[in-house]
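My questions all concern the structure below.
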Amino acid sequence: MRFDSEYFNLGYLDTLSYKDTFIHRLDPRTKLLVTLIFIIFVVSNSKYEITKLIPFLIYPVFLLTSGNIPLRAVLKKILIISPFLIFIGIFNPIFDKRTIYMIIGIPISQGWISLFSIILKFILTVSSAILLIAVTSFPGICEALEKMKVPKILVIQLLFLYRYLFVLLEESLKIVRAREARSFGKRGKDIKTFTKILSVLLIRSLERAERIYQAMLSRGFKGEIHLLRKHSIGFNDIVFAASFLTIFYILKVYNIVNIFGEELKSIFF
Amino acid sequence: MSHHILEIKDLYFTYPDGTNALSGVSLKIFHGESVGITGANGMGKTTLLLNIGGHLLPTKGEISIGDITLSKKTRQDIRKKVGFVFQRTDDQLFMPSVYEDVAFGPINIGLSPDKVEERVKLSLEMVGCLHLINRPPHRLSEGQKRAVAIATVIAMNPDILIMDEPASNLDPRSRRQLINLLKGFEHTKIIASHDLDLILDVCERCIIIKDGKIVADGYTPNILSDKRLLEENSLELPLSIQGAYSHI
Amino acid sequence: MHMADALLSPAVGGTMWALTAGTILYSARKLKDKIDDKMIPLMGVLGAFIFAGQMINFTIPGTGSSGHIGGGMLLAILLGPYPAFLVISSVLIIQALFFADGGLLALGANIWNLGFYPCFIGYPLIFKKIIKGRFTNKGVMYASILSVVISLQLGALSVVFETKLSGITELPLSTFLLLMQPIHLAIGIIEGFITGAIVLYVRKLRPDLVENLEGIKTLPSGVSIKNVLISMAIIALITGGILSWFASTHPDGLEWSIEKIYGKPEVPEHPSPITEGLKTLQEKTAILPDYSIPSTSKEESETSSWPQVKPDTSLSGFLGSIMVLLLIFLFGFCIKIIRKSKTKHEI
């Protein structure tokens, strides 16, 4: 059931984000910015680019290995390639038929190239997004956002959502399972039942919000929420950012794959 | 140390939908007393607590803590004196980390960051959860949440500690730890609970509420060994007493 | 209908981000003084509610496949436009980070597509106007369905244009529209129905919880949606222009539109030191110098120039790729070893 797997996935990434490694200890701002710049570099490659994209894998690989993140955390997400993406991308080979490559005598059309490029870009951007959260706790990201002048009300909203997400997921799990137990065969997935489930969940959520508010009042809440700032930019952050930004730039300007390829060719052929 | 008296005079409370939850409650609680409030469900225990804590305002009657009488204007002041531990821990721990949850109260009082840190560490130490200081609340067990919730409240140095069903959902070991913790607190305590053995263990005074009125108020071992009284209120003898009377 | 980074060009992605960021800032400002303390826990919990609600599937009648709600309109009805927009943003932000739904670049577009239309168009301009403060069964259902349908149509339309303007897909515009709009019409009707039903049901069961809740009461009087839309349009044009200029080293999306305008695959030359330098850079680093984007019509693809198939390039590309992958793998392995030895030392 999709619900179960996504719920556990959420918890899994969340757990990973509290590890203690070099990369986990970096200031969240650094990781956020470098990842965003990474994504922009990746996406700005042309639609037919493949070889230039491959070296970009170095960034997700670094995050994965230095953060001690198990490969399956990322793999699962990548393998379930967004249906929308395939749906849109599959039209490329259909409409774009000019042959551009010959690999072992088989002509490959541009359309396939662009589809493959899309898939590569997808792998790079998705893995880096997942790894970002895996090596930076969510409150860490919120801290970065607040320092970067994102409106405080949105940051607080993110933290509260995150806090009660697990609570609400458990609650909805209970309701859903109760329904399943009572709707033999149909599994309670029809719209009428669904509406009832959500209505009950909504009512419980509204009641919960009320109780939380009372708890806040009981501890002197007057409208201001004060967040703790745990991180600061250090030497490691600067080294990390400078190194990778330089790498990204080099990869953008020079086609490393081709350079190596030419060298290998001249050596062996 | 002044003697903070909680005094309730003829308290009535009616909910907006017309339910009469409290019909004339009067009582006095003295500094350092440990009072258990029990009774069948829906009889008014939680409502009484919410009134004392200033979350609900009396429909009729008067509540005063020390020399402050509860009113719309004095609500906030009353809340500073009362540490309320709610029934559901998830509602009480709403910040991203334990530290920030426990610091919430002290910061709102206006303490300096150093003092806040001091209070936080002290409170967590008192409930035995100092090692959890950087954890996010959704990664705590129920027992840990309960302890931390208590810490969030005692960090404000309240005069009175109010707890609504503190032992619900706790496994036996956590429950035992909670009982020991409460026994060690010197605050005035008001605890609403079905867990009669807990009340027997922690509170020397016990009050039974029925239909919004107090029907019994006295020394706990006396009240809780009165089988007929208990049964009239949909309660049973505490398990620890039942053992002694098991031949009946 | 989540957009994905891989389908988005930086120019389009950046523009959508600018629009979304602007709307977020605007909403936050609007709420700053007006906000009821209670809103903070309320927004948080309702955000979690929508998140959880999106994860529960239901069977779409007639098709047997499962669907889930977006929830934007429901939030707008419960909270009002500004808080609802922030809540939707927060839900999508978390989904982008934890589920990598779409991606971080596309996040701006996603928040816009799924949040702007229900909050600022569907709710104030359609739902509220139909309801006029009276919550009758028929009125609510009708208003819900209509406002959700329109919001979703606008959202789907946006996705189409964002994708096409990015120039990454070959899908012809007409086909794309034909695929997106009808599906979202159906989804809109269903979600509109569900939204209306939930609103009615909760109002009936627990009027005490919702009586102060209607978005109506939180919408500050005198807000001009028109002004909001006009400012957004201006931001979009300016940002889009600036970003397209910056992106001119790889003007893929731009080439597509330029081609449409000029009828030629290349920009008419206006040499300047900057463009000359960039052009040299591009030529040096391009693997396919002078490739042209095939247009969507047959005749143009026949007349555009085309490089010869180069087996040499393919081989070096192939060899180089293997080599780089091996190096990266080695790199990762070294990092692992370094990390392990460091932890050993610390013990």
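Odds and ends about this structure:
Each chain gets a letter, A, B and C, in the order it is written, and its residues are counted from 1.
We take it that a contact is a pair of C-beta atoms (placed from the backbone, for glycine too) under 8 Å apart; a residue touches a chain by one contact, two chains touch by 3 or more.
As the structure is a computational prediction, the values presented were derived from the model and not from experiment.
Among the chains present, the centre nearest to the common Cα mean is that of A. Set against one another, B-C and A-B show the most C-beta pairs in contact at A-B.
In terms of their C-alpha centroids, the spacing between subunit A and subunit C amounts to 15 Å.
Inter-chain centre distance (subunit B to subunit C, centres taken as mean C-alpha positions): 49 Å.
Chain geometry summary: the mean Cα position of subunit A and that of subunit B are 43 Å apart. Residues of subunit B in contact with two or more other chains: 94.
Within subunit C, the positions touching two or more other chains are listed as 41, 44. Looking at subunit A, residues 159-160, 162-164, 167, 208, 212, 216, 221-222, 225 sit in touch with two or more other chains. Of all residues in subunit B, only 53-55, 76, 79-80, 82-84, 86, 88, 90-92, 94-97, 99-100, 103-105, 107-109, 136-139, 152-153, 156 touch subunit A in the complex they form. Subunit A makes touch with subunit C in their complex at residues 2-3, 6-7, 9-10, 13-14, 21-22, 35-36, 39-40, 42-52, 54-55, 57-58, 61-62, 64-66, 68, 77, 82, 84-85, 88-89, 91-92, 94-96, 98-103, 107, 110-111, 114, 118-119, 121-122, 125-127, 129-130, 132-133, 138, 141, 150-154, 156-165, 167-169, 171-172, 176, 189-191, 193-199, 201-203, 205-210, 212-213, 216, 221-223, 225, 253-262, 264-265, 269. Considering their complex, residues 41, 44, 208 of subunit C touch subunit B. Residue ranges on subunit C touching subunit A, taken from their complex, read 1-2, 4-10, 13, 24-25, 28-29, 31-32, 35, 37-38, 40-49, 51-53, 55-59, 61, 66, 69, 86-87, 89-91, 93-94, 96-105, 163, 167-172, 175-176, 190, 193-194, 197-198, 201-202, 205-206, 209-210, 213, 247, 250, 252, 281, 285, 287-288, 291, 293-294, 296, 301, 306-307, 309, 311, 313-321, 323-325, 328-329, 331-333, 335-336, 339, 342.
On subunit B, the positions that touch subunit C within their shared complex are 16-17, 94.
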